[in-house]
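Note that the chains are named A, B, C and D in the order they appear, and that numbering of residues resets to 1 at the start of each chain.
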């Protein structure tokens, strides 16, 4: 058994983002396929373009604080992704950064609070509720699962969050979309997994893998 | 994928280079920000008009930059709304002291990115920015709990009409009110005979059988509300016109600007066949066509299909429609 | 067959009805003869300009009827040249006492039908008729023993330029000489990514694999000179520009009107990508682009593909190009 | 064995034209297919449109002389067919008419001379020679075969003409076209049968069938 990880460093966050970027790149075609069915066939290329820019930013700068790191990530995504996912992912990271302001080693509860702030940013921007068939369907349950396991350390809490996100992602399949582009399909949106919920699940899975 | 392109990732950038080479008499381009500017922007004292959206809808929006229409258009990746940095840059560049209007099509991505840009512009520069969101697509049910209707064909007519008003020196509030009025008076509906292929995706967004069509599509190659057996031009015209006319509603004695739009892969010959049907339906309904527009102006890459837009038009709107315009995509009186 | 039409046999007639409904401010149509007239024809003292050809090439020729361009266009069935009765009727109708010029694309059918019309008009009415035959397609080898080169893209540029000259009141001989000069100074070449479907035939004229293209096509959906593996926009631009430049030849210091034309199913986005490549090739060759035209102006139904036309242009030709024109298909300065 | 037909009446010519119209109609798709391979996919619909108009003209008028009949047929084809085949078929019938001026019962040699005049009209208008891969490749050998058999009466002479036309039609397949739309294909035109030679063979086969 590994150690219980209790604090996360800026470097570890960098590793998380690189891992997420790699996962997105490997799954870009799959994400775009999901978006073809109920959207406009660009979610994979949008996220891939954005995360490539994030990796370039990581390569170019040494970040001293989590705050500075996540603000840069958020701004980079806002500036390069576009579409719905650009402002949503961008806001998530900007809020994550604000929430971690000042801290350099982040505890499990601090990380939990930061993730919640990030997701609240997404909700404030996109006004989606659980059940609307969006990334919020993966993110909300993930927050709750994280909080329930927060006492067991970052690794366990993120593992629980990733598992809950995956379940939330799967739960989008039967839903009729009420937000985003899929809502234009009405009843025809049912039976397809939401691309944004799929990529946010990867975000949490990358975190669980990189921050343990 | 059969397209006249080089690498899919370079399509937008290269098309902008080609656009600039072809139209440098009327536009200039900031290639870093992918913004097309009217050559003589900013016009002092004139409200600046900015629009933008994903690429793949040409000539919209870049083709509508010029005298009597837009001051700037921000080009996103194919079918992906542009990012706030682009609208920010454009807002600062076109402001001639009379404020700036953002013309935004109602898609979650477009709305959020323009919103962020407006927030940033307000914080950053103090330029007065108002926004109008177009949402004219009757294929989508409007509701408080959903993303609402899409912005489609009315956007073209609105950019022309509001562009003429801005050119006359009207105030930002006036121009924004007019824009909302135009949006409220317009309705659209579209259909597709084929899907289209996003260059980066490399294959058609959806598959459609040889005897099928999609009704109620948008402009992003997405499937529509319903898949139906292929129908005749006459039947299709009814499927598009009836829900539009019933929605606003339009009726006996109304006067409209009628717009039959091609989705990109449909030739003009067929659009005129469609317009013949649409004109007959309107005549039967006692609706007068004050002006018409037939052609591919708001497209979905190489999708075959069409959309119909009707805009209830009083004398003011018709005279603004008739005012001179000189853009690569629409030109008259100049 | 996926088309926005009713019965295939009615396509041309119904499209003409739609065209008339959309453009009755500028044209009138003789539906029995399927001739589109400039609304104010005949213009006394002005040489009458008539063109025509099979339908399916829209906006050519009907879309080029109006002030500064054609006085009449005769619409044949899809890809089938019109019949002499149509040109006869048009010749009589547009003659304003200064004679009539027939603008004919070099296809056996078009040439023979226009020839018969000119013979009949001479015998019948004494109206002075001259003809110019366009044959600018470098894909086809010219020879005394064959049908010769096809008339393609230059026809559009010629109708604009010669239309401006006629509008200035030049004599029939002058206008005909100018037309021949324009034809002699212009060359074109085209390619297709897909075939097209003639409505009456109901299936694609030829089959083309997912990784193939046709080089050296005309405008009637016919296969080209060569079938090649799909290539990039950059490579395709060379395949089109090099034979054109080598043929006339065009060289260092020459000034041209450059025209990148879509075949009907290719969206504007791709045409701008192509124009970017073409402009770069011309720059490398030291050829200056005096004016450009990018869009679908001479089409082959819904075929995807493009053609490039270069016209060596001196000051006279450029100023005639710039002169006002007001047609449904080309409009500026009016 | 039937009688040797030695004279042809106006009514018999009408029957020929109706039979030709029916054959064209039944084979319109095939003719258009041939034209798809080396042309513009309209020869079948062009000829069908023209011959329908001819039948309508026959229905509407009682023709007294072969002369009047063929002039009307020629004008009708010129006015309704368009393309290359309109002027060519039109000229053929106009010349046929002129050649039979005055005659009401036509002898085998008179018919042969008239057919030759018609084909000369096609050559004058289209300037094609045998071997250019056009309808002339079917028509020229047909004239010679007719003349060789003219002593045996109209039926036999037309039978020989039809047979020669079919051979001429078949001979177009390997040729590289030098005239008409197929010439644009260069070497690629070889290996395809010419549509116009195919329809003119039907014209002579209909004559052989109707005028016996």
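Please note the rule applied: a residue touches a chain if its C-beta (ideal position, glycine included) is under 8 Å from a C-beta of that chain, and two chains touch if they have at least 3 such contacts.
Just so it is clear, the model here is predicted, and its values are computed rather than measured.
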| item | value |
| --- | --- |
| Where chain A and chain D overlap in contact partners, by chain label | none |
| Rounded Å distance between chain C and chain D, as computed from the means of their C-alpha atoms | 32 |
| Rounded Å distance, chain B centre to chain D centre (Cα mean) | 55 |
| Centre-to-centre distance between chain C and chain B (centres being mean Cα positions), rounded to whole Å | 29 |
| Touching two or more other chains - residues of chain B | 78 |
| For chain D, residues that touch 2 or more chains besides their own | none |
| Pairwise touch network: line, ring, star, complete, or other | line |
| In the complex with chain B, residue positions of chain A that touch it | 32, 36-42, 44-46, 49, 78-88, 125-126, 178-181, 183-186, 188 |
| For the chain C and chain B complex, residues of the former touching the latter | 2-6, 11, 14-19, 21-22, 55-56, 58-59, 63, 78, 193-194, 210, 213, 230, 232-234, 236, 264-277, 279, 289, 292, 294, 296, 299, 301-302, 304-306, 326, 331-334 |
| Footprint of chain D on chain C - complex, ascending | 54, 76-85, 107-109, 112-113, 115-116, 139-141, 145-147, 150, 198, 200-201, 205-206, 218, 220-226 |
